[in-house]
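First chain A sits with chain B, and in the next complex the same chain sits with chain C.
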Partner chain A sequence: MSTIAPQFRLSRFIGSLFDIIFWVILIFSLVGLPIVFIILFYIKMPLVNNQMLTPYLAMTWMADPSRTLPIIKSFIHTTLFHVMAFPGFGFAALLAAATIFVERKFLAKIQLRVGPLYCGKIEGILQLMGDGLKLISKEIIIPAKADKPIFWVGPLLFVGTAGAFVSLIPVARGWVVANPTVGLLAVFATIGFFPIISVLTAWAANNKWTFIGGLRALHQMIAFEIPLILSLLSVVILTGTLNLSQIAESQQHYWWIVFAPISAIVFFICIIAELERIPFDLPEAESEIVAGWLTEFSGMMYGLIQLGTYLKLYAFAGLFTVLFLGGWNGPMVWPPFPADIVTNGITIGPVTAKIAGLPLFDQDMLNGTLWFVIKTVGVILLILLPRGVFPRIRIDMLLHTGWYKLIGLAFINIFIALGLLYAGVLGPGGLIQ
Partner chain B sequence: MVDAVFLALSVLTIGSAIVALEIRSLIYGSIALMLTLSGIAGFFLLLDAPFVAMFQLSVYVGSIAVLILFTVMLVRRELIFNKIEDKRRRYAGIGLMLALMLGIGMVIIGSGMKSMETNSPAVDYKKIGSDFLTYYSPALIVMALILAASVVGALTLARREDMTNDQRAN
Partner chain C sequence: MTTQLPPGIQLENIDDRIMTLNVGPQHPGSGHMRLIIKVDGDYIVSCDPDPGYVHRGEEKMAEYRNYIQNIPHLERPVIHDSSNILYPYCLAVEELLGIEVPERAKYIRVIAAELNRCIYILYWLAIYGIFLGHSTMFMWPAGDRELFIDLLEAMSGARVTHAYLVPGGVRNDLPANFEERCLRQVDYFEKRLKEYQAVFYKNPILISRTEGTGILSRTDAIRLGTTGSVLRASGVNFDIRKKEPYDVYENLDFEPVVMKEGDSYARSYVPYLEMFESCRIIRDAIRKMPKSGSVRTKLKPNPKGGNDEVYKRVESGRGALGYYIVSNNRPEPYRVKISVGSFRNLICMPYLLKGELLGNMPAVYWSLNYWPVEADR
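Let's turn to the complex of A and B:
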C-alpha cells in the first residue's frame, strides 16, 4: 500500500493507460495523418533507391527496411537535422549538460568532497535530470518593478546567441551548420552580443546586485574581447583564411599551438574571462553581490541562462580546438565498417537480411567527430580546472590583465607569425606545408 | 525571396530608427538603435558583402551601441537633455529629411546608376586587404594617424592624479 497514493489500483492505472493510447491513436489517425500528408506535399522529398519518394510512399519506410536507412541518411544531411541534432543544438546541449555534471564531480574530487551522490544510486548520475525537472517545475518570479519585456526576452536572447555561436563550430569535415567565408569574424560579431544581453537584463531586473553584476560583466567582456580578437590574428595570418573549416583543414600535419603558443595562452585566458568563470567570475561573485546579474532569475529562466552559459563554454572550447588543436584531424582510429555486411547482408540463422545504404556515417566523419570531442572535452576540463584551484581576483587586477598584459602578449605572437610568414617558413607557399 | 527580405529589413531598419528617435525611454531608444544598425548589417549581407556586415555587427552593435547604452545607464537624464517640445521643429526635420533624400536620390539617378548587376560574386576580403595596402595606402595611413591621435587624446583626457593608490600602498 503506497503512502503517496492510497487510492492507487493497478487495474485502473492500466485501464487509464489504454484509454490514453486509444485517444492518441484516434486523434492521430483522424487529424494528425491528414496534416502530415498535406505538409508532405510541400516538402522536397529525397531520391531513394533511384526512385523519387512521393508523399504516397512516404509512410512505407516504417515497414520497408530497404527504404528506412536511405531516408534516414537523406534526413541526416538536411539543414534541419544539422541545426537541431548533430553539429548543432542537440549535440552541443548534450555536451553542455554532461559538462555541468562532470564539473560538479570534478571539482568535488579536487577539493576532496564527494559531490552529487544520492540521486540515481551510482555517483549521483541522475542529479542533473533532477535539477532540470526542478528548474522546469519552479515558478517564474518577475520582480514587481522590473522592466518586463527586456527581462523576459533576455534569457531567450542569451540562449539564441549561444546557439548562433555553436552553429559556427565545425565538428567534422563538412559537418558544420553555418560555414561562411568570414567565419571567424562571425564569431567576433556573435560574442559581441553577450555583454549587451548581460547589461540589459541586469538593468531590467531593477536590483542593485544585478546592476553591479551587469556593469562588471560589461567591463570584463569588453576588456577581454580585444586581446581575444588579437590573439586569433596570428592564426589568421598563418593560414591566410577566416573560414573555420579551412583553418581546421590546414592543421593536418601540425597544430597551430606549436607556432602560436602565446596566442593560445592569451586566447585561453580570454575564454575564461568571457565565460565569467573563476578566477574571473566577478559578474556573478556569489559572496559579494548575491549572484550578480543572474540574481533575479528564477525557474526555467535561470535554467535557460545556465544552458546558454554551458553552450557558450562548449563553443569556446570547440573554437580553441579548431584554431589551435587541429580540429577534427587525428590518426584514423575508428574501425572501418565491415564490408561483407554491405555486400552479403546480415545472416541470422536461416534468414539473410540485405539492408540498403548501410554505412550510415562514413568512417572519416566518425573519426573526426571522435577526435574533435576528445580534444574539446580536454579543453573543457582545463577551463573547469581553475575553479577548484584559484580565488577570485579584484576588478582592477582583472582590467589591468585585460587591457595591458594580454594585448601586449597577443602582439608578440602576431609578430612571430609575420616573421614566419615573411621568412617563407609557413603560410601559403611556405617551406612546411 | 530577396525582395521579401529586403522589404522586411527596410521596415525593420526605418521603423526602429523612428522608434529610436521618438520613444521616451532612453534604454528602449538605444535598443532600437541597435536594431537599426543590425538591419544595416542585414543590407550588407544582401549585397554579398559578409565582411562588411560582420564588421558592422561587431563594431557598431558590439561596441558603439554598448557605449551608448553604458552612457545612458550611468548618466542622469536631466543633466544631458534639455527637453524642447515643438511641433514645428519636428515637421521642419521631416521636411529637411525628405528634401535631402530626394536630392541624394536625384544625384544618384542622374549619375547613371540606374541598373544593378545582381549575380556578381561576393567581394573577396583578401581583395579588400590588398587594395588597402596598395591603391588606398595613403587613405589607410591617414586613418591610422587620425586613430592614433584620437587614442592619444583620449588617454590625455582620461589621465588624472590617482591619490588612492598611494594611500593603499602605505
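Let's turn to the complex of A and C:
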C-alpha cells in the first residue's frame, strides 16, 4: 500500500527541495564544470559571424531576447506546441481543471454549502491538486477475474479519444491542431468510439454492475448519436461545408443559432446525454448500479477517466460554440500591441533594446481566443446547471426521448434550413444580399 | 455433476436470461440490508429483502436493565426519531407503575415528538433525493434539519440522542424564551418547505419517474399490514394520533394527510405534507401549553412493576410504533417487545418491485419509509 507520509510538512518538503538544489549546484561545479572544460580543451569550436563560439558567447546569446524570441515564435507554430499546449491538450486540460473547480463551487452555492474551502487557503483553489495527488498515491486494484490488458488500456483509450476530439476544435482563426476538410465527420467518428470503450472496459472488469452500466452506456449513446448527427445536418446545409473552421468563419455577421434554434436545443440535450451528466447519468447511476461501468476502477485509472470526461465536456462545449455561437467571432475588445515597442524598442534604464519578433501572438488571435473561451465557459455552465436541479431520468424514458422526440425535432430544423436555402434567403455561407 | 444434497435443500433452477444481483449491504442504494434481486434485462423478476445486518438485541438488553436504565439504549434503533421511539415506552411504563404525568410535561412531550418527526422526515427526504440522483434535495433537507436539531439541543442538551422523554414526564423544563425561538424557526421552516416543492415535488422528471410506479392498492395495503405514511398514501385514513389519541393530541388541531394514489409519488408526498401538520401541532401546543408548572413526576428509586403486562403505541415517523412490556414484580422488565413500522412496511417490497424496472428500485424502496436499523432492533 502506498501512502503519503502521515507527517507531511510543507516546510520540510520545501527545505528538502533547497537541499537538492544545493547538492546539484555543488556537484555540478566540482565535477561537471571541470569535465566540460576538459572536453572543450580538445574540441575545435566553430566560427559564427567571424567569432569563435565560446560557452560564454553561447550563454550571452541565450540571454539575448532578439535571438531567443524568434526561436520561441517559430516553436509556437510547430505541431508539437499545437498538440501539447495551446489549442490542444494543455489548454483543454487547464479549462477542464477550471471547470471542475467552478462546478464544485457553483453546485455548492445552489445547494447552500460552501464547497472546497481549506486546500490552498483561497476558497479551496488547490483542492483539485490535492485530489490528483490522492488519486496518484492510491493503489490500483484490478479484479482477479478481469481481462487485464483490456482493463488496463480502457482509461488510456478514453483519454486518447477525448484528446483526439479536443484536437478537432478550432479555438481561433488558424489555431487548430487538426483541420481536415471533413472536420464534422471526423468529430462523429471520434464520438462513435466512446460507447465501444465503455462496453469493452465494462465487459473486461467482469462485474455485474459494470456490465449493466456498460450496456446502459451503449444504449444511451446510440440513442442520442443519431439525433446529434441529424441536428448538425441543418448547420451543414446552411454553410455548405463540413470544415469546422469554415463553419466558424461563416458566422461573422450572425450565429447559426438564430436560424437553427431547434437544432441547437436538440444538440445541447444530446451533449448532456453523451457526457453522461445528470439527468442522463444512467450509466453511472449510483443508487441503482453502484458506479456503473466505472465501478472497478481505482486510483489513477479512475483519475484518467475523469480527466477524459472533462476533456470531452470541454470539446463538446467548444463544438457547440463553433457550430452555433459563432466560434471565435466577436467585437474586437483586445487592446492592440503598443506600436512604439515594435518600432522604437523598449527602454530599460540606460539601454534601449530593439527586440525583433514582437508581439508573439497577434491581436486577432488573442481576441478570438477570448471570445471562444467566454462562449465555451457559458455553455459549460449551462451543461453543469441541470445537476443541481434535476433528478435522474429512467432508462425507458431516456430511450423514448432519444428515439422518438429528438429525432423528430431534429428533422423539423432540417426542413427549415432547406426552406431558407431554396427560398433564396441564405446561400451557402451567408445571407444573400 | 450429481452431488447428494442434504434433505430439504434444493438447487435453484438457473435460467440464462435471469441475473441475480445482491444489492447491499455494501451498496450505495441499499442501506444496512440486502436485497436479492433477480433481473431479466432491466426488469425485476423477483425481490427478496434480507434484513438483519444491524441486529443489536435491544429487546434482550432491556431485560437486564431497570426501567430508568433502559431509556438511553432503547432510542438507539432510530436516533433521528429518538423522542418518538421512547414515547410508547414512557407511556407503557407510566401505566405499569401508575404514574400521573404533569399537564405541562404532556405538551412538552408533544412538541419534542413533533420536532423529532420533522427531523426524521427531513433525513428520510434527503436520502430519497439522493436515491433519485437529485443532489440538491440531499443538501437542502440535511441543512434545514439543523434548525430543529438546535431547538432540541436547547431543550435537552443533546443534538441527536436526546433521552429527553422519561417515564413521568420530561427530563428538564424548557429553556427561557424557547417559545418565541421555536415559533420563529417553525415559520422559517415552512417557508423553506414551499421551496422544496418547486425544486423537487413539482419537478417534471421526478413526477414522471415516481408517478404510477409501485402502486399499492387500498386493499393490499390493509391486507399486508402496512402502517404509517405508506398506509395513508394508499387512501386509508389511519393515524394513531387521531384514532387512539395519547397525551394531549386530542386537544390539538390537525388533520391526518391522506392520498388516494398509492404510488411512489404519493408515498413520498405524504410525509412532506405531514411536516406542515407537525408545524401546525407545534404552534397549537405552544399556544395551549400551561406557562408554568412541574414537568416531571419523580419516581421511587429502582421502581418495581407489578405482575402485569401493558401495550402502548404511538404514531412515529414511520408508522405505528408499539411497546409490549411484561413485568413480574421485579425492577427489570420480564420482556420488552418493540413493534416497529419499518419492519411492517418492508413486507410489501417483494409485491411492489415485481415487474418494475431496475431504475425504479430506489424510488420504490425508499418510498416505503423504511429504516433498516429500526427494523432489525
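Operating definition for what follows: the second predicted complex is superposed on the first by the 367 of 433 C-alpha atoms of A that agree within 3 Å, B and C clash if a C-alpha of one lies under 4 Å from a C-alpha of the other, contacts with A are read in each partner's own complex, and residues count from 1 in each chain.
Here is the rule we use: a contact is a pair of C-beta atoms (placed from the backbone, for glycine too) under 8 Å apart; a residue touches a chain by one contact, two chains touch by 3 or more.
Just so you know, these numbers come straight off a predicted model, no measurement behind them.
Chemist: Do chain B and chain C fit side by side on chain A after the overlay, or clash?
Modeler: fit
Chemist: Is A:R394 touching anything from chain B or chain C once the two structures are fitted on A? First, second, both or neither.
Modeler: second
Chemist: Now for A:F193: first (chain B), second (chain C), both, or neither, which partner does it touch?
Modeler: In the superposed model, A:F193 contacts chain B only, not chain C.
Chemist: Considering only the touch criterion stated at the top, classify A:L185 as touching first (chain B), second (chain C), both, or neither.
Modeler: Only chain B is touched by A:L185; chain C is not.
Chemist: When the two structures are overlaid on chain A, which partner does A:I271 contact: first (chain B), second (chain C), both, or neither?
Modeler: neither
Chemist: According to the stated criteria, A:V322 is in contact with first (chain B), second (chain C), both, or neither; which is it?
Modeler: Once the two structures are laid over each other on A, A:V322 reaches no partner at all.
Chemist: Is A:W203 in contact with chain B, with chain C, with both, or with neither (first, second, both, neither)?
Modeler: first
Chemist: With the two structures laid over each other on chain A, which partner does A:I222 touch: chain B (first), chain C (second), both, or neither?
Modeler: First partner only.
Chemist: Determine the nearest approach in Å between the Cα atoms of chain B and those of chain C after overlaying the two structures.
Modeler: 6
Chemist: Help me check something: in the complex, which residues belonging to chain B touch chain A?
Modeler: Per the stated touch rule, the residues are 27, 31, 34, 50-51, 54-55, 57-58, 61-63, 65-66, 69-70, 73, 122, 125-126.
Chemist: Please name which positions on chain C make contact with chain A in the complex.
Modeler: 19, 21, 27-29, 42, 129-140, 143, 199-200, 203, 205-206, 208-209, 357-362
Chemist: Flag every residue of chain A that touches chain B in the complex, lowest number first.
Modeler: 147, 150, 180-182, 185-186, 188-189, 191-193, 195-196, 199-200, 203, 215, 218, 222, 225, 240, 242
Chemist: Note which residues of chain A are touching chain C in the complex, please.
Modeler: 107, 110-113, 208, 212, 278-279, 281-282, 285-290, 387-397
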